[in-house]
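Next come two complexes, and both contain chain A; in the first it sits with chain B, in the second with chain C.
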Partner chain A sequence: MVHRANNRASRMLAEYKQIREQLQSHESILMLCPAGDGGSLSKWEAQFCGPENTPYADFTFTLSIEIPEMYPNEPPNCRFPPNHICHPNIKWSTGEVCLDLLKHETWSPMYNLLQVVEAIRTLLAEPGVDSPLDVDLAKLYSVDKQAYQGLVTYRLCSRTL
Partner chain B sequence: MTGQVSKECPICWDSMADNVAKLIPCQHEFHLSCIRKWYHSRISDRTCPNCRVEIRELIDMDHNVNINLTLQLDLIFDGLVDNIGAQLMNMNIRDEQKIYQEQNIVLESETQEVRLMLIQCHICGDSDAEVDRCCKHCQNMYHAGCLRQLSAEVNDNTESSGGHCAYCHEQLIPLNIGTRTRIWNPVDTDIYRGMIRNRNSILTEILYESSQSAAVGSSDINQTCNLEMNDIDHSWDCMERNRKRKEIAYQEKCQIQRHVRGILDDYYYGCRKITREQYTEINRRVSRELYDLSGGIYQNLNMDYDEQARRLIIKEVEKLT
Partner chain C sequence: MNMITNLVHYILDEHSTRTGLRSQLNEMFFSNSTSDNSALFQVLTQLIPEELQQEWLEWISDGEKRGVPEGFSDSLPRVATTHLSPDDTCAICCCVYLEDSYPLVVKLPNCNHKFDLQCITLWLSKSSTCPMCRNDVMSSKTKIDTSMVELEEDWGMYG
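So, the complex of A and B:
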């Protein structure tokens, strides 16, 4: 009995069902659904509110997620739109996200899409200043929180919607 | 369906009625095929996906056999063939003490400690009876079809040396699982005389055709086997040479880039005339140009790389302002 079949398709279908159920009562994740054409489950889009008590709180964020062929053995590729979010671990110009959980070495097939989105939302509240993508912002975060908050708010307000 | 509560595999989320593996020591359960694929995709990682505990062995619950994941291998494959092997399909049975003398290992080994290990294609990660190549040196195993698929990525070249392992480049030997002679099934369109056809690959198709025409009018399996080995010889030879060529090219590139970075660092750290993004962009362009100028070879004696790099960088910086 050899399971040569593609795990990704059946697993994504199962996740899709579960996500639909769980999102009905989810406070912070407004949307998480397939965005690919032709009913493909390989591209997803998420929308969530910024975490409370952070400069992100009053804003909503869009995240695009690509599910690789080898999922769940490989992590999904997550990316914000360019010039969308200002954060020490997110590159402003490209939207690239730097999060341990999403790296090949630390990923586990036990994680699922909803957890990934929740983890990225948590990252907004708790930046990892040791492995920043934006060195200057990470520095500002560790020396002057108030200035950091001001800068983040300023840039989020100025983004084109 | 049966009224019995079956758990779900945390990797594929399908029901885990059969094909179950339990990890030791943490007791977490997954589909055997899922956990194998996971371990295959993480060459050095043998921890539990759930609790990250280091895994020593896993139990194939369907057959109630332990599979040791830490075993350092030193196997001789000629003696491994037997009936239980056919039943378990995925495993080798080995009697440590008597492996040299034993022809019929199974009967003897029932009273002795039997060690099992995975038979798994090191290219696709699947475990099945089609795994039919093994490396003498490192015991990595392959599907002949997978080797051929890999070979399709390098262009064909028909010089021949030994059939080589992808990892240590030692000689490959045929590996028989289940029965001593493989059962050929010409009706199956994907398998022809034991070779797995990969329809996506043109080279595979050519190899397939050539072996087919050579085998016409002959039921001699040996002949096909020989052909098969030659195909692999070719593939690996090509791949090996391609790999070496790339490696050399890469080293030359690094040496050239070192000069460029040396000069660019002055601009970036010294006088802060350029931003980080500009640094990256200029580095890329100048390195590429120098690389073209050198014809792909690092010619330190004929060319003053520092001077050339400086000249090109100044030009690039001027463009910025």
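So, the complex of A and C:
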């Protein structure tokens, strides 16, 4: 199974170079780089600003990305720290993210880490209320946007940094 | 029906083993997998060990998640190196094809998207769509000629 590991290694190296070149053009992504020892390129960390005109706009978010053995044939595992972000498709207590793009059925090896981070950032602005992880928040979002924004802002302000 | 006759002969043969019978049953099931197997399944249910039944049921329900049949990727048309430009890259591994002195590049039916044979084989073992355009690679109904694949491998030994 040597070729599988090679596949991931060459791909991660190519992505690493590409990210270094392209990160400047993604102003909202403050950071996207290997985490931990960094040598294996199997764990990454991203930091980005919340999208404009949303209750997330004034906050910064941290995302940890784990690259599975079968990447890019399998999607990366993305999660926020616990008690970090309040959103209909993100579990507050665990930071688990529910996004179609990151599911096995919809993932394609054409997507890369930059696109994944951008997609998660877009998710903040456009919650998918049809398949929420936080049912109550999704309901609030669809019936009372103002209350939703208030609750999100309250939760985000109360998080311990 | 010929297969069933064979099976009965096999069961009646005193030299038969359980493993042999199992493989015979398996062969019947899978060689017939394009047509409706439920009738065969019903007839044989009484004879089949329960865990083997379970195995088959799982195989049936897994059907949609499966990739392309074995040998499909090897039968894809190769792209000659002369048709590759210096900056053509495999979108799965992000490597430039021509950096390899003997690149094995194939193109998918209908959409003609190019990939490293090794990369696309791995992807198609789990999925049957093109990574770039999600075109179903099986929809073209091209008959897969696996005999040619084997022939080519043989040539490789001497070439």
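As a convention for this text, the second predicted complex is superposed on the first by the 154 of 161 C-alpha atoms of A that agree within 3 Å, B and C clash if a C-alpha of one lies under 4 Å from a C-alpha of the other, contacts with A are read in each partner's own complex, and residues count from 1 in each chain.
Following the convention adopted for this analysis, contacts are C-beta pairs under 8 Å (C-beta built on N, C-alpha and C of every residue); 3 or more make two chains touch, one makes a residue touch a chain.
These figures come from a predicted structure and were not determined experimentally.
In the superposition on chain A, contact of A:V143 is made with neither chain B nor chain C. By the touch criterion defined above, A:C157 reaches neither chain B nor chain C. Once the two complexes are overlaid on the shared chain, A:N73 sits against chain B and chain C alike. Of the residues of chain A, those at positions 3-4, 7, 10-11, 14-15, 70, 72-73, 108-110 touch chain B in one of the two structures and chain C in the other. Across the complex, chain A meets chain B through its residues 1-4, 7, 10-11, 14-15, 70, 72-74, 105, 108-110. Only residues 10-14, 18-19, 31, 33-34, 37-38, 41, 45, 49-50, 52, 126-128 of chain B touch chain A when the two sit together in their complex. Remark: chain C residues 91-95, 118-119, 122-123, 126, 131-132, 134 touch chain A in the complex. Every residue of chain A that touches chain C in the complex is listed here, in rising order: 3-4, 7, 10-11, 14-15, 18, 70, 72-73, 108-110.
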